[in-house]
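Supplied in structure tokens, the structure appears directly below.
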Amino acid sequence: MKSRELSLIAMFLSFLVVFVPYFIDVPALDTFSTKLITITAITVSFTLLLAIHSQFKRGFDFVRRKPRGWIFKVYMMITIVLMLLFALGGLETGPYHWAMYAIITPLSSVNYGILAFYLASTCARAFKARNTKSILLILTGFIMLLYQAPFTGAFFDLGPIGIYLANTFGLAAGRMFLISVTVGAMVFGIRILLGQEPGVLGIRSEE
Amino acid sequence: MFLVVAIFVIVYYYLKSGKIPYVRRVAGLDAIEEAVGRSAEMGKPVMSTIGIDGFNYWTLAALTILEHVSRDCVKKGVRILVPTGGGDSSYIVRPVAEEIVKDAYMLEGNPEDYRPEDLPFLSGQQYAYTGGVVGILQRAKPGACIMVGGHHSEAMNIAETAVLVGAITITSGTYVSNVAVLACASDYILIGEESPAAGAYLSKDPAQRASIRCQDIYKGISIALIILGTFVRTLGSSFFIQLLSS
Amino acid sequence: MTDPVELSIMVVGCFLSMCMFSTLYGKSSPLYSLAEESYIGFATGLTIVMNLMYIYNTGVVGIQGGDWILIFGFILGIATLLRINPKYSYFSRLPIAITLGAQLGLSLRTQIYTGFIDQIKASIVPLFEGSAKTLIYNWTTFICVIFMLSFFLYTIEIKGPIKLSAKIGEYLMYASFGAIFAQTFMGRLGLFVGSIQNFTVPPWKKPILIACMAIVLVALIALDKLNLLEKLTPEE
Amino acid sequence: MSLLKSFNSYDSRIVYLLLFLIVTIPLLSPMGLPISVSPSTVTYYEVIDALGPDDLVLVVLDTEFSGYMEIQSGIIASMRVMVERDAKMCVAVSHPEATGIPELVFAAIKNTVDEHGYTYGEDYVILGYVFPNEAAVASAAQDWQGVIHNDFYGQSTEGTFLDQIHDWSDWTLISDYTTGIQSGSLINHFGLRGTPMIVNCIGVMISTQMPYLSTGIYQALLQSMRGGAELEYLTGHPGPGMTAMDAFTLGHYMLIVLIIIGNIGYFGTKENSRRNVE
């Protein structure tokens, strides 16, 4: 019971320290809030160790049970350790640099690029004229796609209509979305501060 | 500042008064139960993600949804997979997610069934996390994928893979271009405030649901401000713009 | 001749990338698992290094520089670590609460400006001034914002004029989704082109790309035909 | 009719394979299809073209490596212009993967750098991963000297042009190259306070970033790889952006064809099944 209230008060206070100085100009408070943010950033960095602990625990659990393909988990744990060893040799050159450019950067850009494929298959599936909504979807999508292909621009000027669609419909949807989210977030934030959602603090509602 | 205080007072008022106004059905949130139910029938797990951000309102909203989903899953005996990680601030969210899932098992009276390995940590890098989630989706073939929280560009990788492995997908997008593509890809989508309001919506407590009213009040105010402001601006006065700038 | 280090970066990177693309084959495969676990492993290592550096550069250096208050970051950090032993998991609640409050405050404090006031301000535009083009733009945006917002009213029963306006709002929303979808596709295509360009510039990389593509594709089909895909992938 | 049916429901793997080939082949052997330049790119060019030797630009590489692959043409082309105008450049990074990018960019524009005698320390400084989160951006905007002491190579920034920087108001321009990681923080702590900002964003972020352009927080927005290719065209230095435009065109046309085929298949099978019922 006590811990629950303590947590709520701590949350509320740290919220105020960060939130209020943004609206009221008191330099001392401002400095304090910046310091608090840095303190929490350091705290977050520490919690990484918890995550790593559980990642290794999960890995060793696989090794113990030896299900199909457990060797991949062993490989994963070895690569973590390898990367840490690499880092000891310096960050700008040597094996660490190699791992960055041979593994992390290409795989990150590939994973990002795969999205184009997912969008293509989504498009093939969803862009069918089933009802008014999807007809509108297809229509604007179609025009935009034509406009965006750089080659089209060399023949017909779809610029005015493409920019029109992006700067009116696209803009309005963005604006509507931001307003809606902000309103929702504000109300939700206040409900958290009032302790209506203790679950997000890791506290059971019945406690 | 005035706005903040005002919104605080209104929310407090509605929480206290607990009047149940009419609340429109949100298909995406209603579908959660159905999705978990279907997974139970098929004997498949459920994947529920909480995003890759720190404690911002997206993540917090996802945690309230996770609370609901995990409770439902434990009740129906469905295995729940909650991948975590993906961002520099996400580490601190992990223990809370663990606690929520663990509590769900505790409350249903079978804490020994809780499997910590079902909450894998998939590094602090966005796309390593994505690669991991996609891999888990393909191997575990869940019956439902509830992807809410602070997801960014990786949302489409997860949603489309989930569709391809035959899962019911319930998603929410954190920015508008994400919403547009997710609306095309997934079965149900939570748009805009539907995600932050999920906790209130899913709660059985009328006082909580009453707080949804406040959001409408503020949207009403914004519509009124835009219409009035535009009208006055058209007449040549920029009174409202100055009012908002002060 | 090319530098052997650069060559090895290219070969390993290209091969693992093609393995990553194998996810598009629609079946789980050991090739994908190889790429996935390599990425997660090395990325976790990178995360650890980056965070240790952050703790050192901001925390330790800061304290040495006289910023004593930062020591609380260490105290709170260590308190969260006590979770590893369930007996002390109690201690970790305080740092979580403090971090939650601060991060929520940080994410909300600017949101009210950028997401609410600024958006309303920007929506207030003159409807009878300026060129024909400006007028068309202003009118369309104005109408779209109002109708779309009316679609998002939850606690008012939808009937009469609100029903109509919400319906129009929904239609307008789908029309804008089409345009946004196309824009998003352009972006993703750009990323994909970029990731392939990584393997085509400079030109000596081209044969390696073609070889890796061929090897992964052949391996994938062969494994599938031999029914080995499933057998070699890890269990989840 | 089976053809129509297959138009309606085909294996998504065929889509994947087609897209892969359609993009990869023109990259392996470019065709050189013509392109056009959009007005937003022209505005962007005008802003960077107006820079001079007294101007201090904060360049933020706000991207993962994957994002860099998309907008590298814009980054290289615009930084080349900044070097040509002798503007002082401070390069900061907001993602660990981006720490290697400055090296790549300066290698790509080495000729221009040598030609203009642009020197490290005097004309530009590379800071490394200094913007890991919003807090870091906020403190750099409020108290630069209190936060930034060393450059990427661990040397003190004292004695460089960074001595003139105290807070957000001392920058002439913020040039953000973003996938959306810290662009919000830069807006909150620099842009909203009044520091001029120009942004080059990945395609996915365009609709998110557009409201900031229309509200005047951004002076100009360079859109995705296409904007980069157009900037290359304007500056007269063809680069990776322009060679990628063929693949870009074909990828878009493929999607259009997919939509058409999908709809033919959809209506074909619908008619067909209706007839069967009758």
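Labels A, B, C and D are assigned to the chains in the order they are written; within every chain, residues are numbered from 1.
In the analysis below, contacts are C-beta pairs under 8 Å (C-beta built on N, C-alpha and C of every residue); 3 or more make two chains touch, one makes a residue touch a chain.
Everything numeric in this text was worked out from a predicted model, so none of it was measured.
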Write down the chain pair with more C-beta contact pairs when A-D is set against A-C.
-> A-C
Greatest centre-to-centre gap (Cα means) from chain B is with chain D
Between chain A and chain D, what is the gap in Å from one C-alpha centre to the other?
-> 19
Chain centres from averaged Cα atoms put chain A and chain C apart, in whole Å, by 5
Express in whole angstrom the distance between the two chain centres, defined as the mean CA positions of chain A and chain B.
-> 13
Taking each chain's centre as the mean of its CA atoms, chain B sits from chain D at a distance in Å of 30
Touching at least 2 other chains, the residues of chain B are 4, 54-55, 57, 60, 88-89, 92, 95-96, 121, 124-128, 131, 153, 156, 161, 164, 175-181, 184, 191-193, 197, 212, 215, 219, 222
By the touch definition above, chain A meets two or more other chains at residues 23, 37-38, 40-41, 43-45, 47-48, 50, 52, 55, 100-101, 104-105, 107-117, 119-121, 123, 125, 127, 137-138, 141-142, 145, 148, 166-167, 170-171, 173-176, 178-181, 183, 185-186, 189, 192, 200-202
Multi-chain contacts in chain C, i.e. residues touching at least two other chains, fall at 20-21, 23-24, 26, 33, 35, 39-44, 46-47, 50-51, 54, 80, 83, 95-96, 99-100, 103-104, 106-108, 110, 112, 114, 116, 119-123, 145, 149, 152, 176-178, 180-181, 183-189, 191-196, 198, 233-235
Residue positions on chain A within touch of chain B in the complex are 23-24, 43-45, 47-48, 50-52, 54-55, 57-58, 61-62, 104, 107-108, 111-112, 114-115, 118-119, 121-123, 125-127, 137, 170, 173-174, 176-181, 183-192, 194, 196-197, 199-202, 204, 206
What part of chain C is in contact with chain B in the complex they form?
-> 20, 23, 26-28, 32-33, 35-36, 39-44, 46-47, 50-51, 80, 83, 92, 95-96, 99-100, 103-104, 106-108, 112, 116-117, 120-121, 123-129, 142, 145-146, 149-150, 152-158, 176-178, 180-181, 183-184, 187-188, 233-236
In the complex with chain A, residue positions of chain C that touch it | 5, 8-9, 12-14, 16-17, 20-21, 23-24, 30, 33-35, 37-49, 51-52, 54-55, 58-59, 62, 67, 69-70, 72-74, 76-78, 80-81, 83-84, 90, 93-112, 114-116, 119-120, 122-123, 136-137, 140-141, 144-145, 148-149, 152, 170-186, 188-189, 191-196, 198-199, 231-235
Complex contacts: residues of chain B adjacent to chain A | 1, 4, 7-8, 11-12, 15, 54-55, 57, 60-61, 63-64, 67, 84-85, 88-89, 91-92, 94-96, 99-100, 103, 106-107, 116-117, 119-121, 124-128, 130-131, 153-154, 156-157, 159-161, 164, 175-176, 179-181, 184-185, 191-197, 199-200, 208, 211-212, 214-215, 218-219, 222
In the complex of these two chains, what residues of chain C are touching chain D?
-> 21, 24-26, 46, 50, 54, 106, 110, 113-114, 118-119, 121-122, 180, 183-198, 200-201, 206, 209-210, 213
